[in-house]
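Scrolling down, you'll hit the structures one after another.
Across the two complexes that follow, chain A remains constant while its partner is chain B and subsequently chain C.
Up next is the complex of A and B:
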């Protein structure tokens, strides 16, 4: 009897600890891959509210955004995490690109400066993450210095990774190409914008975090 | 251009400037492209750097920016060396009463933990 009671008590405390643990889940990737669109989708699905603004002009997210205590449920399992949306990581930020996209010079220069700071901040935060969702645009070439550097560093730091090929709704999207670029990870193809294949995404989220 | 440990770097330039770019001797020998900047552009870059590296920096003390990690070609044009940034190479070297180095990324991290 005492043994059963001891086991029950131990289970109770273990579950209590599990509930208290706040898993930090980071969204990383190059600019315009759809990190914030995915963050918004997750928040909308489970909290009923969005996280941040999205735009066609790159480097829209230039500051770290955190949404705390998101609980997702699947097959009687629960996962609670803090979602950290990070600015897009790039090797070159040029205000002239923003001018081409319709911004005025002053605005474009400020955006470039903030985006550069955003890259530094995103990298600085990496060590705080328990798991990372890398969001790539599946319609673009995956073999870029940015993608290889991000994924290589996550591997070196032993941070669990969920690799997302986003924008599968686009004709040019090629999940197989993303998969062959990073064969060490299973790539989940989704459309964060239209909510396609998010069931698989949530399923894998449980896998990498539990 | 000033040599390592020169008075200007330790105490600031006569012109009032306290922000220096670190240029490797090998780069000078190779005569890599030198971009000419106007006084206005220099001032703007200086302001942008202070914005990027944070308000915690004491503007009264000389700072040497490690251009191996972040290159600012002109105001609004940046090149980021991701490999070194991920390796936590120091972004800037801050000189204070002599010479020593503060890893800004690490110190920021410590601040955010408090």
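Up next is the complex of A and C:
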């Protein structure tokens, strides 16, 4: 059953990238999973410039960011897409948490307000995506409702999903656990920060699109 | 004091998505933990998160939610699957439970396929 699903997903991706000129490839996930770090790595690898700022304080990305016309190449193969980095989706935002992380009260309140708007925007943009890379922190519990809700919404909209278990450089990272939480997907383990296993990630993108 | 409010499926069955979400959110904003029979549709879950974000302020910090879903046991029995599908068509999506509570009271919900744990402010400090 999983094999059939994977083949259907692969066929869908191939047709999608062949037919559309400007495919929107979204990066979705909970806050601090490494979406922007991965976006930066992709942009640095193929455009020579980064996409956005990253931080240890959660909700650093609070607005939708787009890099257009990214072309990745391998041997004679080419793949072009617009990369859309979205704010992390969360069910709660507490400005006091930002104060604990070192921000002043005014900054923390502004960040919280912007972060709530970011979550709303990320959800609104779900309908505009042609395909989505869901970026999860492999060192954290994958069985959260936010993860399930994101993937459930993508499935309900028939949007193809690539599941990434990021931060495999951390000792606590457990790709098997992520895989067992979402057995219907092939989970690719990477470290966007150190570039570990990015070749597999790009290869997987090619495999399903060419 | 913690208040647990049970909402049977029949209470939301006839409501449209917006009314369902408003009903849940109103109870949660009144600092009640909602135990909903059945589950919301995936677009309703996303809408609940959006609505929650619109309501976040200095006092209301958001929600914690989790779905206990017997389907996630991933049965391979085709008859069991057909039976579930038939019940769903006949009675609506009332399988499982959804727990939704204010983030100021529930700090974390931990879930694996077999069990669910709610950590409140005090239990979180003790961990």
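In the analysis below, the second predicted complex is superposed on the first by the 185 of 210 C-alpha atoms of A that agree within 3 Å, B and C clash if a C-alpha of one lies under 4 Å from a C-alpha of the other, contacts with A are read in each partner's own complex, and residues count from 1 in each chain.
Throughout what follows, contacts are C-beta pairs under 8 Å (C-beta built on N, C-alpha and C of every residue); 3 or more make two chains touch, one makes a residue touch a chain.
On a predicted model such as this, the values are computed, not experimentally measured, just so you know.
Model built by superposing both complexes on chain A: chain B and chain C clash. When the two structures are aligned on the shared chain, A:153 is found in touch with chain B and with chain C.
Applying the stated contact rule after C-alpha superposition, one finds that A:196 touches neither chain B nor chain C. Once the two complexes are laid over each other on the shared chain, residue contacts for A:183 go to chain C alone; chain B is not touched. With both structures placed on the common chain, the touch criterion links A:123 to chain B and to chain C. Within the superposed three-chain model, A:143 lies in touch with chain C and out of touch with chain B [touch as defined at top]. When both complexes are overlaid on chain A, the residue A:65 reaches neither chain B nor chain C.
In the superposition on chain A, contact is made by A:108 with chain B only, not with chain C.
The residues of chain A shared by its contacts with chain B and with chain C are 89-95, 109, 112, 116-117, 119-120, 123-124, 126, 145-146, 149, 153. Across the interface of their complex, chain A is touched by residues 48, 51-52, 70, 75-83, 85-86, 91, 105, 108-109 of chain B.
Remark: chain A residues 89-95, 109, 112, 116-117, 119-120, 123-124, 126, 141, 143-146, 148-149, 152-153, 155-156, 183 touch chain C in the complex. The part of chain C that touches chain A in the complex is made up of residues 41-43, 45-47, 49-50, 52-54, 56, 58, 61-67, 74, 103, 109-113.
Chain A makes touch with chain B in their complex at residues 89-96, 108-109, 112-113, 115-117, 119-120, 123-124, 126-127, 145-146, 149, 153.
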